[in-house]
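These are the structures in question, set out in turn.
Shared between the two complexes below is subunit A, which has subunit B as its partner in the first and subunit C in the second.
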Partner chain A sequence: MSEFGYIPEAPEQSFGNNKGIFKPKDIYDLTRADKYTNYGQLELIETKTGSGVSAIDFTAIKETEYNVHLLTINDFNVTTDGQPTGIRLSNGSFISSGYQWANQTGRAGGSFAENRSTSSTYLEIGRLNGNTTNEKLNGYVYFYNLGDSSKYSFLTHQTTYTNEFSAEYMMSFGSGVRPTADTVSGIRLTSTSGNITVTSASLYGIKEYS
Partner chain B sequence: MGLIQVATNTVSGTSTNAIDLVGTTTDDVYMVAITNASTTSDGQIRTRVLVSSSADTSSEYDQASKALIANASFGNDALTNQNHWRFMFTGNQSYETQSAIFYLYNFNSSSEYSFVTNEVAGWTNTPRLYGLQGGGVQTEAQSCNGIQFYASSGNLSDGSQFTLFKVVS
Partner chain C sequence: MATELQFIKSATCTSATSSLQVTDCFSAEYDVYKVILQVDSVTAEAGTNIRLIDSGGVDSTANYDNASLYMKSTTSFSELQGTGETSWEYAMYNEGSVGGFFVMYVYNPFDSSSFTFAQSQLASHYIASSTSTLIGRKGIFVHKVAEQITGIEATQSSSRLENATLVVYGVK
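Our next item is the complex of A and B:
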């Protein structure tokens, strides 16, 4: 019997080359060892919550395993009216300079705006956030190249929310970059002033196989 | 939402002009993830649908996107009756790469147009952050079994990666 319990012991299992009859536990163990063929997955890395915290940090993002990460955000709220929703990246410590972003926002009242920066302390994915019960932001962010030390790190996002002005509906979509080539090992969800509350924030990796 | 990888292609070397991702053969929604994509000459990475694994070059591609630029006013990128979609504006330097997520709709249906949404973040040859978010349609009701990405000038750069997923529940 093999170390994973399948019968027969030979041949050795590897991704793209599985043989034999497997029990559920075999599949579980082989999957954890990255030896079970299952092409392409959206893999949950971690889910976090926070209430009245300065930031939610993901510090074990498995950047060497994924070219693309997905962050979903459920009910982001700020304690200080009017603050943005921001992302900071870590290359060992979280970085507070050198970000660029370009976002289109729109409000149900009819106001649309181009929001951009070439020298930001964060990557913006929402603005004019509110601090009352019904002023919440939801959305997603895709991150690219975080584990590639030779490339810039990019993101795209779309958020849908009710802003600080009596919970007026607002949306944002856009792109961002940290134009420095290094390995990013952490993602921080935060704001620029005050604390944040988030019902849940889930980080996924998109598994690709060559 | 889950993803099942259908096809992938990482460009090796500098002699590949186009890559095909084949496998949109069910009525599910499909997703393409693109990282580290660029071209050997300044230009564009363009996109076409595949019909029976061949690129459809007919002038039936329409698109509308918002161009999101970090150091300038945004633009509207709208085209009709082209023989391709253009969602990525490329440079040929090391850091001038494109990252993107596309969702593909109705590709397998022989009675529907094929639709795509695009969200792109790229570093262009200017250089500057240039994003493009919007969508497009190919206005022929036909079954498309995949999608092609090609360089408008020169070839795709070494390391450009394109992966097709089927979206499953």
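Our next item is the complex of A and C:
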């Protein structure tokens, strides 16, 4: 009998190279061992929470395994009214310069606006965040090429939230880049001033697809 | 079964070409598809359009409408829209070899009684007056023919698509 109990018992199993007839338990065990081929699925890397912290850092992002990452953010709140939601990337240490982004925001009780920067200290994914109980941000961010040392690191985002103006409803979508070709090994969710509270932030990898 | 992203098919180029096609990727198995165009390098600055493939091959007739917002890090945003066009134009834009991504969700392509709808978002890069510039786009798209769509093509007017991958996932 092989380690995973499948028939026949001999062949070595690996992702992209499975042989034999599998029982449900074999598939379960091989999947947990990352040895069962199932292209394209979202794989949870880590979920984090934070209360009154300066940042939430993901420092084991498996950048050599995934070239597309997804970050979901549940109930992001700032302690200092009016601060943005931002992302910083790490290439060994977290970087606070040289980011570009271009976002469209829209307010339910105000105007829509173009927001952009070519020399930012962070990648913006929300602005005008509020600090009261119901002024919270939810949304998602896709990251691309973080582990490719020859490519720039890109992101796209879409967030929906209640802002600092009496929990006025607001949205943001857009793109960002760190126009430096190197390997990114960490993702920081933060703001520019004060602390943050986040019910949960989950980082996923999209399994290789080519 | 929980919601899942399932790989269906991909196509890759490693030398300059004007077209990257994924054929027979849409089926009755899924209603919603996620399409990623990853462009690692182009031989020169280039826009890439999207066309759909039906039983007659690539549809290059005037069946494509779109409405999009172009967002650059250096200048005011601009609207791009069109009706009765021969492709979904400038879905992607690139320059150099630093990469760029385009993600599109496609709805009901295989339903012969429905138009094919899509929405997309991109993050890419080009050089504007020697300045490295982020380019983003958020758009909505429709192919106004009620027919079965079986595949998708990334296409350019010139052969500048050098290293790129077009991938189709089904959304369960």
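The rule is short, and it goes like this: the second predicted complex is superposed on the first by the 184 of 210 C-alpha atoms of A that agree within 3 Å, B and C clash if a C-alpha of one lies under 4 Å from a C-alpha of the other, contacts with A are read in each partner's own complex, and residues count from 1 in each chain.
As a convention for this text, a residue touches a chain if its C-beta (ideal position, glycine included) is under 8 Å from a C-beta of that chain, and two chains touch if they have at least 3 such contacts.
Small disclaimer: the values here were computed from a predicted structure and weren't measured.
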| item | value |
| --- | --- |
| Fit-or-clash call for subunit B and subunit C when the two complexes are aligned on subunit A | clash |
| Subunit B versus subunit C as contact partner of A:T80, first or second or both or neither | neither |
| Which superposed partner A:S150 touches (first subunit B, second subunit C, both, neither) | both |
| Partner chain(s) touched by A:Q104 [first = subunit B, second = subunit C, both, neither] | both |
| Contact residues common to both interfaces of subunit A (with subunit B and with subunit C) | 39-42, 67-68, 100-104, 114, 116-118, 142, 144-145, 148, 150-152, 154-156, 158, 173-177, 179, 181, 206-207, 209-210 |
| Interfacial residue positions of subunit A with respect to subunit C in the complex | 38-42, 67-68, 100-104, 114, 116-118, 142, 144-145, 148, 150-152, 154-156, 158, 173-177, 179, 181, 206-207, 209-210 |
| Partner subunit B, residues of subunit A touching it in the complex | 39-42, 67-68, 100-104, 114, 116-118, 142, 144-145, 148, 150-152, 154-156, 158, 173-177, 179, 181, 206-210 |
| In the complex, subunit B residues that touch subunit A | 1-6, 8, 10, 33, 35-36, 66, 68-71, 73-74, 94-95, 97, 99-101, 119-123, 128-133, 161, 163, 165 |
| Contact footprint of subunit A on subunit C as seen in their complex | 4-8, 10, 12, 36, 38, 40, 69, 71-74, 76-77, 97-101, 103, 121-125, 131-138, 165, 167, 169 |
